[in-house]
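Following are the structures in question.
Paired with subunit B in one complex and with subunit C in the other, subunit A is shared by the two complexes that follow.
What follows is the complex of A and B.
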């Protein structure tokens, strides 16, 4: 750096916190802010324990009903207390599962990447974070977000979009904390850095911050309907596109790029040698950033999404193989010539297995995106296994490795027990394997059972429940695997706690001295033609060639690495958004169906309950155009059927059957009894019980507000938006349903209970395309023309149940 | 009036092509830059950055001394 530093007259007065070398080079004094890293590190451990514990509870919820049924049948009830997991309103699977995913992604992984970024950015930039205040606002703001998520999700306050469940006030807070506090602080730190070259890890961090901001803002656009309720401005197919563009890129830019930055910083640290190939790391970065953002539509194969869009998503997913494996190999080969350290260092063990899981997941992901594989894997546990290989293996183990490396350095002491860390590694690895392998088997088993036909061409397993009970042994092994992973995390917690307890009374804060970056002077050299007796054109050509060879212009670019990388990523982000807009926002991409009408006010209230209870976590509403599915569930779903679905509820996993054509198949009473306790209707069911829906009242006053909010985003509610009209309509419909229930000897006086609204919604699902289309006055006239010429107007609603 | 009506009216069809060309242009530029031989020394220096930030690489050893 010295050659860049300007020679200044030593007699001049020195600025504060600066000194000079004996050659008169100005040195600025600074120290790193490790207090903020310590904070993020500690909460990472705490939230990690919470996230794993909630995940374990969710895993238990899927097996507990079968235990209770078995023990009840045999007369003994030693496990009856476990029924708390499937009948307490706030602890049902539909509410706990979002809590688990949000805690794992945003609390555990989120705080881990903040710890990594605050530690490495300061050191790579040779400066303290730009503002300690912003660092702390970021820390406390993020914990506040996590706390509000932990409170609202069990209460059923949700937007009903996977990994983006948090309601709008929390969404606003996320935007402020992420970009306003964290982003500003990070970019200003880059601006005041004392190392001209921005190490590749910083590039990954920049991509993370820019892209997550965009994803979050675009996907969370919603119209509030009260403090704790909002409706996505997108509907149906478009909402699905946006949601999975978000969902996939949350994986890319929240769980991949920041962890790759972490890998490129901490892996060399732990291995005590530079990364295998710095050039490869740059190619890795740019190809990931370019390709990842397009891959989202692969989550929607064979759905009502246009086929070309999902094929495009598949192609880009397959292309991701190359950079992902290039990056993984780059990380592993950093250990070249130092593999022997692996036997002695738990940190390296965690990193090597973490990177291996990164490579396995990024091999498997593109494979799952291939349509023919996806046809089998989609809606099954295969997805769950894939995701947990990535999160437990890659995110979890990279985080654990980083914590074991940082803890002794941050707390300025020895790690309490290296042996315990080794145990954590082995227990954790075994836990992952015991989780992932049986769930793969479960996924493939269930997928094959769903599509199996017998010799007569009828479904071999017409009862959905058969394909669920078959999975119970695998679900039990998963509980064991999850427990082991959790036990490993407890070992980590104890180790960190004891390390922290042996910290010094006062932390040493080393003062560092580095010269500031001097502006790079780029002078454009003047070249003269080296040719004799040539044409003007020849001389000009020679000058041009010399210019290119000298590459002074290249230095111009290099003088602005921050601006270049920042704007390139912004361009990529905006470009990809523009690329996707025609898919999700142009109306002609969604053919309308004349007979599809908005939900009635009561059905809308029922839909709100469906969303609040998180039914989409286990039930899809999307029948793919596959023989096995149309045979089981009825006519396949059309894009035009979802134009009033704010938000869409297609779901991603069928722990229970698809509900897209549920309407009209069963009686109102069946639904009431089934929701009150699913075992009354289907003895082996693992669905939670919802007795509270029979006792809680519908808030009719809210319905008017909700209808108006829907009308604002384009749902044609006509005169239902008038004061009190929605309530009247809702009460009338509720009364007629409750009378029907009472008439069939069911519970009486349900006309103001939530269950009636939910039943109204369920009975409406998928029925519209069979109805006649209304004329301009709203009265039905003639049969609807579906956009599908063959059989669209006369859907096959027969269903095995 | 719905969001999709607004979006349809904006005439965005040209932008995807522009975006795609922009991506390709930047990507090719990056690859060319990375493969240039003359930057080797710069890359080698950059690769050493995580190891040259004056953090003790082994706290036990360093603290004991």
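What follows is the complex of A and C.
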């Protein structure tokens, strides 16, 4: 084995950096690279503050329009200055929210797990990281990714897929930094380790690295249409499936498995107690990684996703409950005999509350994925409360606990103030509660209002805006909760800063001496059947069970990283392949509708604006087959309607109403006035104003490139791909829309303004299904479904039964 | 069992494994029995659910459920009156049906408010409360405008959005707005027309 190339042979000369004990045992000298951990730790704090601040801004954006509208008796509007929050083009909610989620997930949590992995892996493997160069390339590469995200997202440069918004050049950089720098460095460190077996924390790190690579690469496949623009190669239903396979497993393998690894290292360290159960860690690790990967489709219940996928998503989520809790109970029970330490150790306080939130979230997750619960919760703030319990409680508090534990050790001094850390804990906990409780209430309230009928069988709240204004008090409490959480993080920042300031002039770098990796010593135990009178088969079965329970076989697996990686890949590949392959291979999953045609070049340009502005952050484009929903929005969405949607824009939250059938139900002028300032059309609206769309020009030259890129991924654009033809078509359509707006006494000369493209797109939404199928051009046609009442099949009124 | 306040030195006496990593040890406790019980229960539930809802007579789809709801709902609302004719008399008559007017009002609030205002005073769309109309001479013309749209699409067609009956009672509701006082009425557009005919005695 390459891993123990250094043989114990006293006759040979000592290798460099080695010595011997008195008994002649070879000892290798090494030291840990803590400088890289210090770097990751500091940026974790900094990016955490940024992520929380941006979140707070986003929370404020949802409430300030209600204050701006406040007018005193004398007609003055004392809060009008606040409109700056929702009228700056680069900081509208649709652009800020992706910035917030990306910063929280990839900058804050990302750097936190890197700090944890670099600190613990070296110690668990009794070796320095394989390459300091790769460590630093990883660090700086990742910060570069974060900076590019912070620059591009406010500029509206986005792929329009949740938690995967970053454009293709950044996506490439992520792949290189993640696998090329981080992954290589990590796996090579495993290879040169001096500890024969891998501790459970490392298993979780392995699962994280391989799975995130797979998710990122598959979900981000896109065809570039310029340096800052690309289109997902997947469309509609299939894109939705891929996206939520990715999205849900970003939660699983970026926010759960690395944090479980972190917990397995830092919890027993802080508690100074052995981990509760080794065998539980085996069972819950493998069940977790195998089952989690299936759960994605629960984000798409009742949508145009085929029912079988939806059911798989639900059932695997339900089965995921115990595998998730396995980690929670292993963490909490590690505190047996050490609970008294909580009273004066802020680190353990953070860990206990963090794990508690993990267990609450992982119970709530399976519950929300049950279809009938999801019917109520989907598109509401319930989801927002759920994820914030997870991120603020689990990821946030585990990170804070880890930082307070590591800071004095890394900066080789005392923590500046334990009291301040205690304050952080209480202020932060109160902040989380004041965030999630009102948002749970808001989510359930809005969900119930959307589906409420009065005694006449009509919607009790037919105006969407009623269901928004109702939430304002809860949104205000959220702002208070978010502020508290942010204040807590400032306390952390100050504490870390002061601790850092009292560091020694030169860090001590202890030199450690360890024998090289030893050969495998696990022996297969011999078991005898415990049964008395039984068949051969029965005895064999009992011996098998004892073998499995003894876990010696897993002990062997832990000694061979490559084998372990192989089985981890198998575990996550099974669910992925079994769900994704049928989704692409079986045509009946997406029945075609002949009348559904590609967007015109101008509508495509409008769609690009829709994506760039992040409209999908507040508006869904997916009407579910639920009576209250078709009553409100119209005919439910069919899978065949989205075949040209690269990427899909179904959305996941309705802060504003669904737009799937927006086309044709309002005049062009209405859209112009509404986008210019939504309060002109709906006085209580909390939507940002988009006056810049009326002044900025459409880039007609780009349209041709974009149409060609779409054609390359299979959208039948026909003659529009010819040089200049897309431009001509776009200009003609823009002219006719702008003339209509001018005729209705709206703003004039809009024919080259962005707003016209966006209006063209909005007016197209959901209208194709009503059109007659185009004349057969050889393609098999299926008549557009002849339905002409809200929702679907024409009701048979004459039926007297 | 140990509780808060136990001796700080207390370490559970469970058997340990022989592993040690950077000072971290692991107990050799078995996975709790209730963990297996709950896990097994979720697996059994999943099998039953799959069989029941995808491979048995109890199978359902959200589309079927929706269609059932729709049939039940139309029967409940319009079952007694059957198909309403979109003529002057019928539309005029429904104005005096309080149940239909409540239903139509909800339709109006959910779909027409954006352009015509909550109380019909007009925003981008015309004022529906005054005596001036652009495309309406008779009460049944309201139904035509709702059904076909007007003004080159500025007023869209609602033919697909609502059933025939829903459009009839919506026309009645819009007619009933005439003569009401909106909070902020838009100026008159179009020509004044004759008052609606008196309701015919039943």
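To be clear about the criterion, the second predicted complex is superposed on the first by the 696 of 801 C-alpha atoms of A that agree within 3 Å, B and C clash if a C-alpha of one lies under 4 Å from a C-alpha of the other, contacts with A are read in each partner's own complex, and residues count from 1 in each chain.
Just so it is clear, a contact is a pair of C-beta atoms (placed from the backbone, for glycine too) under 8 Å apart; a residue touches a chain by one contact, two chains touch by 3 or more.
It should be emphasised that the depicted structure is a prediction, and the values quoted were computed from it without experimental measurement.
Shared-chain residue A:408: touches subunit B; no touch with subunit C. Of the two partner chains, neither subunit B nor subunit C is touched by A:723. Legend: residue contacts after superposition of the two complexes on their common chain; A:744 is shown touching subunit C, with no touch to subunit B. Of the two partner chains placed by superposition, only subunit B is touched by A:512; subunit C is not. Residue by residue along subunit A, subunit B and subunit C are tallied for touches, and C comes out ahead.
With both structures placed on the common chain, the touch criterion links A:536 to neither subunit B nor subunit C. In the superposition on chain A, the residues of subunit A touched by subunit B in one structure and by subunit C in the other are 120, 123-124, 126, 195, 197, 199-200, 265, 268-269, 273-275, 278-279, 283, 287. Per the touch definition, subunit A reaches subunit C in the complex via residues 120, 123-124, 126, 195, 197, 199-200, 265, 268-269, 273-281, 283-284, 287, 302, 307-308, 311, 314-316, 318-319, 321-323, 325-326, 329, 336-343, 366, 454, 456-459, 462-464, 549, 624-627, 630, 632, 634-636, 661, 664-670, 673-674, 681-682, 740, 743-744, 770, 787-799. Remark: subunit B residues 1-5, 7-8, 12-13, 15-16, 18-20, 22-23, 26-27, 30-31, 33-35, 38, 42-51, 53-57, 59-60, 63 touch subunit A in the complex. Touching subunit B in their complex are the following residues of subunit A: 120, 123-124, 126, 195, 197, 199-201, 233-234, 238, 264-266, 268-269, 272-275, 278-279, 282-283, 286-287, 290, 408-409, 412-414, 510, 512, 551, 554, 568, 571-572, 574-576, 578-579, 581-582, 585-588, 590, 713-714. Partner subunit A is touched in their complex by these residues of subunit C: 2-6, 8, 10-12, 16-17, 19, 21-32, 35, 38-39, 42-43, 45-46, 49-50, 53-54, 61-63, 65-67, 69-71, 73-78, 82-83, 99, 102-103, 106-107, 109-111, 113-115, 118, 123-125, 151-166.
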